[in-house]
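Okay, so subunit A shows up in both of these, paired with subunit B first and subunit C after.
Coming up: the complex of A and B.
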């Protein structure tokens, strides 16, 4: 068992980070906001935390705090001008923001450009990653007992009726996007500190697309479902190596299968209908 | 009505709502007090829903003022008007369909800025003749008539001073409609002021203290059900002029 975990520790760490990203997207989707800037927030946090760690010798908690604050600031800046956008229009605007962030990361000197940033302290171990994931899930669970999660649900279901119930839709939406940015920021700093080096290409639309697939397969409104979706799809490519060239097709087929036959995703196994 | 219940007055003055070049409401004034049901009737397109939208903040007021207990609420955002105590239902039922029945009621309590527990949810559901339903069931799966009542239950959880009902009997059978009438009357008797937009004249005559009649965006008559039934302007609006 120990030998197995040691041999696959990189994969296990990756599962934890991807699960955080899926949870981050889930917070937006729970409020009905198809905002796809989580990977951009992840990248901003990864660069902020790494630059601080390399230049000023920040330890991991400091990097995580600073990176996460930067990610939240980015999410807040993005949430304000897109306040009236919904659905695919919000998706397009937020994808655009991601591309802008990536291009800035390629072109400003402080990020090391397309070559990336190396020599990031390799201090984010499995315990840190899973500790963060458990803390994020626990925080969401604690919130789900109070009024906040019900407000997110109400806004997702019907914004007009939510307003009529005295819910300030703008504030709820803003809070959801910033909270999602925070979780993505944590994932970003952990990713950088677990991988030794980062490049702008790590935070492109390709990864965002993967996170969206985790969410659809895991369940778009369930934190635990999203995390499980991330785990399943991070393991899947490793488990089906024997398929060689056909490997890429399986994800697409699986996604299609879930959309048609299990639209609630893995969370449909336990969510009440 | 209990003497210790706080009295509320909604006073709308000279409301004008324009959509582009179309004037949907032309200087309409209306007063609703605690404990009374005011019926709002008129032919299709007369501006009934526009008036409800204007009072609840959904439509932007071009002119006019709205005050609840002397406090101006005209032009406030919808959620602030709801928190002030003016709560509505919708012509096309707008429930949180995938949420549970209980969660729908809990969401209503947001407007009263409080959290309600299981006992209170059951109490509100009983008041709206939904005492038998499983409050963990999905709201969207209720039969249509029950969805209409759940929407009213959600509004009651907001502890409204003034309740605006937009055609609550639409699509109900006569028996359900009759039950709804009793429900509306009981809500008013507990000290809520109710504005009832409705086409079902039987229902309007049964439960309303006063009736206001809109036609082409203007108030053409205002009075008790008996006065309205004799009013020549109302008869003309509904039936046309005699030749």
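Coming up: the complex of A and C.
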């Protein structure tokens, strides 16, 4: 058992990080906002933490704190001009933000450009990753009956009615984006330290699409569901390795099948509403 | 000065193909309020189809035409599989976006499985490399054909939309789907034909780009899909005139920025512009003024 886990420790680390990303997207989706900027925030945090760790010798907690703060700042910066955008327009704006971030990462010399940043200290082990994941999940679950998360649900269900109940929709949206950015930032720094090599291409729209798939399959409004979705879909490519070049089709078919037949995802199995 | 004019020509060539792609995007959004993220996959699949047919000895024009029809049919299939079931249960606007991503992934997977992950070049010498020169300016024969084909398709589309019954139905569905249905428009047929047209145009764009660069690759779609998004935002989502104008503006801006400024931030211009438009004037240049809610 231990040997099995040890042999697959890279995969297990990957699952943890993808789960964190899925949770970060879920926070925005729960507020009804298709804000696809989480991977960009992940990238910003990854670079911030890595540059600090390499140049100033930060340890992991400092790296995580710094990276997460940068990610949150970026999310806040994004949230302000997009405050009035809804639906598809918000999705497009956040995608654009992500692309600009990626292109800046390629061109700014401090990030090492398109060749990537190497020699990041490899000190994020499985314990750190899962510790963070469990902490994030616990925090979300603890708050899930509290006024903040209920406000998220209210804004998702009917924004006008929520406003009528006295909920400040703007603050809720801002909070959702920044909270999502924070979790994504944690994931980013952990990713950088776990893989000790990052490139701007790691944080592009392709990865964002993948995280969207995790969320849809796991359940767009459930933290645990999103984590499970991430786990399932991270394992899947390994499990169906024998299909070689046809593996993508399975992922796409799963996404399609779920959104058409099981729109609430895996979480639909246990969610009541 | 001549250099600037040359860059303008290059920009127009690029813009023409961008325009064909963007029209397909904006047509589907204008008629159905759906952002079809599988459009880029169809763009790529049609390019591969043309490449394959050409490789089997089918003459270039016929291969292109067949691939365009293939693209259109893929679009109809896309609608049947990904969007019609969601329409039937009134699933809103975000679910079709996600299901289009799913179909896009499937199409990419099929192409990868069939052709492998590598780039494919058209056989050396099989494509014309002739250049026409007008004084200090030059333009490739293929590029000229690309512009001509793109403009021809745009004019044809305009004719269909403005002067045929089908066009009237499409415009009616775009205006108000329920009212159109009440007035007797066959919704499913109109929507299917809209997808055929949009995807055929995207396919044409893919084939033209494949010919211009002489290669087809799996990531053709992803490179253009986000730019297409920027274009239709700039031009106004749902507006075909806007998409065409936006495409040419972007094509020229990109080529000029590479020539005058620097090439590394070229792509960022499109997205920065897009972001700025979304913040300042979400309806873009020609889009409908009202801010849609989700």
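Rule of thumb we're sticking to: the second predicted complex is superposed on the first by the 272 of 273 C-alpha atoms of A that agree within 3 Å, B and C clash if a C-alpha of one lies under 4 Å from a C-alpha of the other, contacts with A are read in each partner's own complex, and residues count from 1 in each chain.
In this text, a residue touches a chain if its C-beta (ideal position, glycine included) is under 8 Å from a C-beta of that chain, and two chains touch if they have at least 3 such contacts.
What you are looking at is a predicted structure, and each value in this text was computed from that prediction instead of being measured.
Enquirer: A:158 contacts which: subunit B (first), subunit C (second), both, neither?
Expert: A:158 contacts subunit B only, not subunit C.
Enquirer: Just subunit B (first), just subunit C (second), both, or neither: which does A:263 touch?
Expert: second
Enquirer: Considering only the touch criterion stated at the top, classify A:81 as touching first (subunit B), second (subunit C), both, or neither.
Expert: After superposition on chain A, A:81 lies in contact with subunit C alone.
Enquirer: Return first, second, both or neither, reflecting whether A:168 touches subunit B, subunit C, both chains, or no partner chain.
Expert: In the superposed model, A:168 contacts subunit B only, not subunit C.
Enquirer: Figure out whether A:150 sits in contact with subunit B (first) or subunit C (second), or with both, or with neither.
Expert: first
Enquirer: Identify which of subunit B and subunit C touches the larger number of residues of subunit A.
Expert: C
Enquirer: Under the touch definition given earlier, write down the residues of subunit B that touch subunit A in their complex.
Expert: 56, 58, 77-79, 82-83, 87-88, 90, 94-100, 103, 106-108, 110-113, 115, 136, 138, 154, 158
Enquirer: State the interface residues of subunit C toward subunit A in the complex, per the touch definition above.
Expert: Residue list for subunit C touching subunit A: 29, 33, 35, 81-82, 85-86, 91, 93-95, 97-99, 101-110, 112-113, 116-117, 222, 226, 229-230, 233, 237, 264-265, 267-268, 271-272, 274-275, 278-279, 282, 291-294.
Enquirer: For the complex, give me every residue of subunit A touching subunit B.
Expert: Interface residues on the subunit A side: 146-147, 150-151, 153-154, 157-158, 160-169, 272-273.
Enquirer: Can you list the subunit A residues touching subunit C in their complex?
Expert: 32, 34, 81-82, 84-89, 91-93, 95-97, 99-100, 103-104, 106-107, 159, 205-206, 209, 212-213, 216, 244-256, 259-260, 263
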